[in-house]
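Right after this note come the structures.
First chain A sits with chain B, and in the next complex the same chain sits with chain C.
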Partner chain A sequence: MDKGIRIGQVEFFALFTLARLFGSLTYVGEGSMPIDTSTALLGQLCAALLAWGAFGLVTGLVRLAGTQTPVQLCFLTGKPSGRAATALLGGCSFLVMVQVINSFERYFTSTVYPEASGFIFILWCIAVLIFFNVMGLDALSRMSNLLLLGLVLVLIVVTAGLWSVAEPVELISPFYEGPMALLSSIYRSFVDWGDLIVMAMMLPMVGGGGRRAARGVFGAAIVVAELISVLVITVLGGASRMQLYPVHALFSAADIWVPTRVDFLFMMLFMTVCLLKGALHLAFVDHALKTLLPVGRAQHSLGAAALTAGVAAFALSRSHWLASNFIALMNSGAPMLLMTLIIPLLWGTAALLSGRHPS
Partner chain B sequence: MKMPYFYARDAYQPPSGPEGEAQRLTASLNENLIILRQISGGSDDLIVREFELCGLRLCLLQIEGMVDSLAMADFFIRPLFAAALSNNTTPDAFADYMRNQAIFAIDQQEIGSFSELFSFVMSGFAVLLCDGLSTGYAMGLQGFAYRSVAEPLGEFNVRGSRESFTEALRVNMSMVRRRMKTPLLKMELGTVGENSRTGFCLLYRTDKVDSATLNQIKHRLGAIRLDTVLESGYIQPFLENAKASFFSTVGTTERPDTLCAKLAEGRVGLLIDGTPFALTLPHLFGEYFQGFDDYAHPPYYATMIRLLRYLAFLLTVMLPGLYVAIARYHLELLPPALLYNIATAEENIPFSAMLEVLIITLIYEVVREAGLRMPQPVGMAVSIVGALVVGDAAVKAGIIGAPMVMVVALTAVSAFLVPALYQAITFLRLLLIFAGGFFGLFGITAVLLMVGCNLFARESMGIPVTTPVAPIAPYGWRDLIVRVGWPKLSREQLNVQHLRQEESDTIPHKTEGQEE
Partner chain C sequence: MRRVALLGLVLCLLTGCLGGQDIRERALIQLMGIDYTEGVFHLTLQIFSPNGQSEEINTEEQRQVVTAMGDTLSQALQDASLRVGRAAFLGDCRAIVVGERTARNHLKDIMRFLSSNEEVYPQMVLLIAAGQAQDILNPQTEDNQVVVASSLENITGSAVAKEAMCPSDLLTLARSYYTEGAGTAILRVRRQDAGEQVTFVPDGVALYNRDTPAGRLDDIGHRGMLTLRGLGRGSLLHVDDAHLGRLALQIKRLSVSIKTAITDGRPRFDITVKAELLLAEMSDNPADRLSAADISRLQDLAGLAIRADALSAFEQAAAQGCDAFGLYRYLRRDQPAYWKQHAANWPAHIREADCAIAVDAHVARVGD
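Let's turn to the complex of A and B:
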């Protein structure tokens, strides 16, 4: 979150479009946000619009208060309350990071290399996250350009490979399951937009303001999510509920000549998306720690945050009770709502009402 | 006393020489010669010839083998002895003659200190000292031996010039100047290396260069504290980006025409005395895949060749690693027929796929290195024997499988399409073999992401090396993978400075000086 970093609009768009894919790719059946029903098609769309509204609200408050980022906005209410808000925001982002590392480890040890030790994957993940952050967010965003191009190519290949086996009749009315199912779908999709806070934090770094790029992120993310949902519904249908990773199964079903299977593309995509999202949240956690800690102690905040997240993810992989409670907490949407809506709204309104703002 | 323009060091710190060098020349020739011998330690290659002329005691200094004897005799000694000087000429009259009437060489300058004296003498000048004068006269009559201009060894071309740089700085400068006859091309000379005092020449187009970039390069050159500089590789690390990487942010070329093309795009060139290569800055990643012939071929063919180079780069870096990863962890990716063939070929091989590829890669590198270092005819023989050993005998002996030979052979040949990246390719290839061997496609993806991030983090003089891909700058796309035709290239001539991130949003689609 270095102010000296400058990111282009296209790079910002690519980075967050990829990070947003995490929700669709890590879908593991009933537990998390459903993407395999026609209800989800409308739910994801409505959730994206809601998220756009929330993002507009937060960035609007930030601008109205004459500040640059949500953290700066929180500090307008005073140093102690600003520090408390920063700690809460950083804590929520830390939870998202743990979720990412945990998903990373779980996917590889359950689907790709079932006999492997989860510890190795957590170690790799932490190493790459730290490396990405050492290289800088600008490098990460530049790389995203190429990765997004790769994503588009992969989706074209997979869609073409699945075309012959898709059953469009599976697409039914989104209202078929009733309004409660639709509302539930909207909520679950909405709370998956945990990257909004990092987006809002990075807006000042974007050349030209970045609002247009942010709009693009919402547009592209919803297109990709809907495409994946349509493919899951029409190709896997009800069978998707029996798959541990339905999107992985979807890629495995794609009929390509050479190579015979393209599930390795899913693996590469999954890795990329996880690592990008994890790196973004690690950058935010690092920023929060540097804001909270004295300069001397904040020197190793990046490594400390990554290692702590790794230890937490390892603990989750060892304890089923801990993991199920953690997943329940993340699926409840509490961290996301706190991070992207409640804290910025409360602190922002307080700052505006108290008149403690530069403008 | 004014130094000759080509030794002006306004921008650079003069190297601090041995003690006493900064001392001024005195009016006593004897005293000067004593100091001279003290500083030089009586070096045998310093020729000191004392003589008398018209009542004056003169002394001629030169380094053996660095002055052209014929030019010295014809343009200096003969005219000097034939000069219309009276029998009892005073030192002041001689100084006036030297200053206003005599032209023994175009590069003729007065010098006032031992530091200047040594600078000139060591560069092949002849220096004349006169008893009674506290100044000397340096004359550019260099005539040392150097390799003549030859064909480039690493940047061959089908069309266009066959000249490459030599080791002599002045010859290299003249080769550039012959191709760019504009006063806008500026050359600045300087020295680097505390004791080697290696000459270098900064070249740039005054109408295109970015002054901040130029100043940064000058500053970095001035800050170099090396005792000896024998090759451009000594200087290159000082001009690199601070972040460590496999990919250099400084370009090299041995072709004067390539250097001229880069100067025309707003880059800065650096020629180092004793090196047949020029350094160019800023250097973008896309430049590795450009060749001089691309601009002589029709655009469609040039584009195809560039695509081939990118493909070859990916192949040579990734193929062995991918092969190992798939053969060890992801056999399900292969079609059954191909899988059967590979399994049949590999069933009797005693090594794992990773060890097998490492062995054959190692053998290949040994053979290649031996071929490079040996005299050319022997080197060729070594390559042929090596190819036979690796290719045929090793397969028959059951040490390696035939598919592996094909993989490594394809990898080796592909590397030659991007010769400037050879070191990076070799190391990355090994890294991916280990990653693929130990972690399969997961390891390969992780390493590629890290290497990619490192590449995208690199900047060359403030310009991200991955531009115009990222940050996106459509302005630069017409000469990246697709090479558009000359009419369009000349209409909107590329200037690398316009690819800076802050400018990429508002690219001036016209170069400076171009009319609206």
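Let's turn to the complex of A and C:
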């Protein structure tokens, strides 16, 4: 990745958009960000506006820093705290990657192949993540364009199949559950936009241009996330909380005559979006490691990061206690918030003020 | 070179048909009956076993009825797999029939099993049998097995299409079953012996508040329930006219709008039903055709008949404390303060609810 990325911002935006939709696809009922209430509809919108604001803050920092990424800026403060901040950034991204691999393994061993061992899925996942990164984020981002188009087409088909069973009366006032529920929904949805900030941190490596198109992709992410929520609310109603993967159940319920079941489409989308998001974070971890470590020792950082994440995901698949605590930590949004806002803004600003950057 | 090697490694790891089973090794369950007696679940399964040789396909021969038992539904299904020697597959199952007493005491176990089984698909229909499921699904002669299967298919087809039958598919049931305050309406079926042949016929609707049985709607209540839910397209409405005699009108479309109000602390529902009905006249002779006045009278009669059914359905369900029509959703949307206060005890409050039903019926001749 450090060789530089030759794609433009639009492709990169498509990649982030899919990473954002990962939150909607992996929604697992109680605990994660709720998408099945009318409160969530407004919460997601408000969070998107906030995320756009945060994105502006980080991109402003990035623009000031010239060719440096916030990770490099943190490191360039030269102080131990700067190194710690870089390590924390990488660490948080590592946690998100473990979460993605864990979700991948959990989905396949609970819904598609209930009796299969999780080990093979973890191995398969990290092999693909490494492969994607070896190919480079260019290829990954161009693939995202196609996948995003595919996702929109699939959603149109599924929406058509669900039209007759949707019950609009299930949509109620977003304020029904009270202000605290709305605030909680905004916070948790905002955390889900974290990948946008990760993307902003990588912008110096990406070609420019296409701002209007980028805004269009951002808008598409909001529309798709809202559409998924509306479908879950009006089609599944109260049953959504009893489903391990409500969006999978939604796809199963879509009756489009031929074929009668389209849940395989969900499986494909889930798999590819998982892998794309995992690859994005592996690239970020690799970038942080390469910034932190001397050139010689960072040679195998990509493989080492992926394997360590695989081992961690395997440990999670073997221990219920570990997995539930890890999921609680990730659902709290703390790692994503640390990674996306607090650390880069604090240390990045410090680095800029101290004037210790090449530009 | 390194990329090619990596690609090769990834290809080796492709899961492909991991855990896949040949269709000939699967027992495709088409119908499942569930009874709970003497502390164990008894399953009566109608299984289709494909032999994979197209020249020898004989669906009747490939269809067999198997019984199995277990402490839990999962164990009973495993028992069925062992008895047949093939892995039981629920993804093709069209209907599950639950014995009346079993539904009364174990609906929770059944819903949990169905919600957590990844093979079950949401269009599968759940029915409650008057009596035991095994009596219906396991008639003694092979001829009857086929008749039972096809008569059940007619019922499930209508129930899934939401035409003329209470929608009893899993998606509809789960929606109400897992929602606070909602009542669940499940289609009942009973065995009908016609000479040597046995068939299934609909037998009203069983009402539940979550796992608790609330009562049932009779056939009139069943029709009225369809009206209040805006369903029933394609079903026939019979009206008796002093001059024209008994006429059958086909329901082409029903639309329902519901307004709510709270008066003296009690909820009130103002329901307006718009019905489009079709009349088929047998004669081409203009002189024999119904006059505009006849049609107008028919419209009034049809409106009264629809209103009477809907009112009967509401009164039956409200008296039994079960919101089988999803009226709570309108209260939740339009009267949130009332709903927040009474949601937990809605079955008690629906008993004191008022309901006014107005029907606007329009009769058109076929071909008009």
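FYI, the second predicted complex is superposed on the first by the 327 of 359 C-alpha atoms of A that agree within 3 Å, B and C clash if a C-alpha of one lies under 4 Å from a C-alpha of the other, contacts with A are read in each partner's own complex, and residues count from 1 in each chain.
Rule of thumb we're sticking to: contacts are C-beta pairs under 8 Å (C-beta built on N, C-alpha and C of every residue); 3 or more make two chains touch, one makes a residue touch a chain.
Being a predicted model, the structure only gives us computed values, none of them experimental.
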First, second, both or neither for A:I130, with chain B first and chain C second: second
Touching partner for A:V247 - first (chain B), second (chain C), both, neither: neither
Partner chain in contact with A:L231 - chain B first, chain C second, else both or neither: neither
A:T272 touches, of chain B and chain C: first, second, both or neither? first
Chain B versus chain C as contact partner of A:V191, first or second or both or neither: neither
Partner chain in contact with A:L146 - chain B first, chain C second, else both or neither: first
Contacts of A:A48 with chain B and chain C, given as first, second, both or neither: neither
Partner chain(s) touched by A:D138 [first = chain B, second = chain C, both, neither]: first
First (chain B), second (chain C), both or neither touched by A:Y113: both
Chain B and chain C footprints on chain A, overlapping residues: 108, 112-113, 120-121, 124, 128, 131, 135, 260-261
Chain A-facing residues of chain B, complex: 243, 329-330, 332-336, 338, 439-442, 445-446, 449-450, 452-454, 456-457, 464, 466, 469-472, 501-502, 504-505
Touching residues on chain A, where the partner in the complex is chain B: 6, 8-11, 108, 112-113, 120-121, 124, 128, 131-132, 135-136, 138-146, 207-208, 257-261, 264, 267-268, 271-272, 275
Sites on chain A touched by chain C in the complex: 108, 110-116, 120-121, 123-124, 127-128, 130-131, 134-135, 165, 167, 169-173, 176, 235-239, 241-244, 249, 252-253, 255, 260-261
Of chain C, residues touching chain A in the complex: 2-3, 6-7, 9-10, 13-15, 18-19, 115-116, 118, 121-123, 171-172, 174-180, 182, 326, 329-330, 332-333, 336
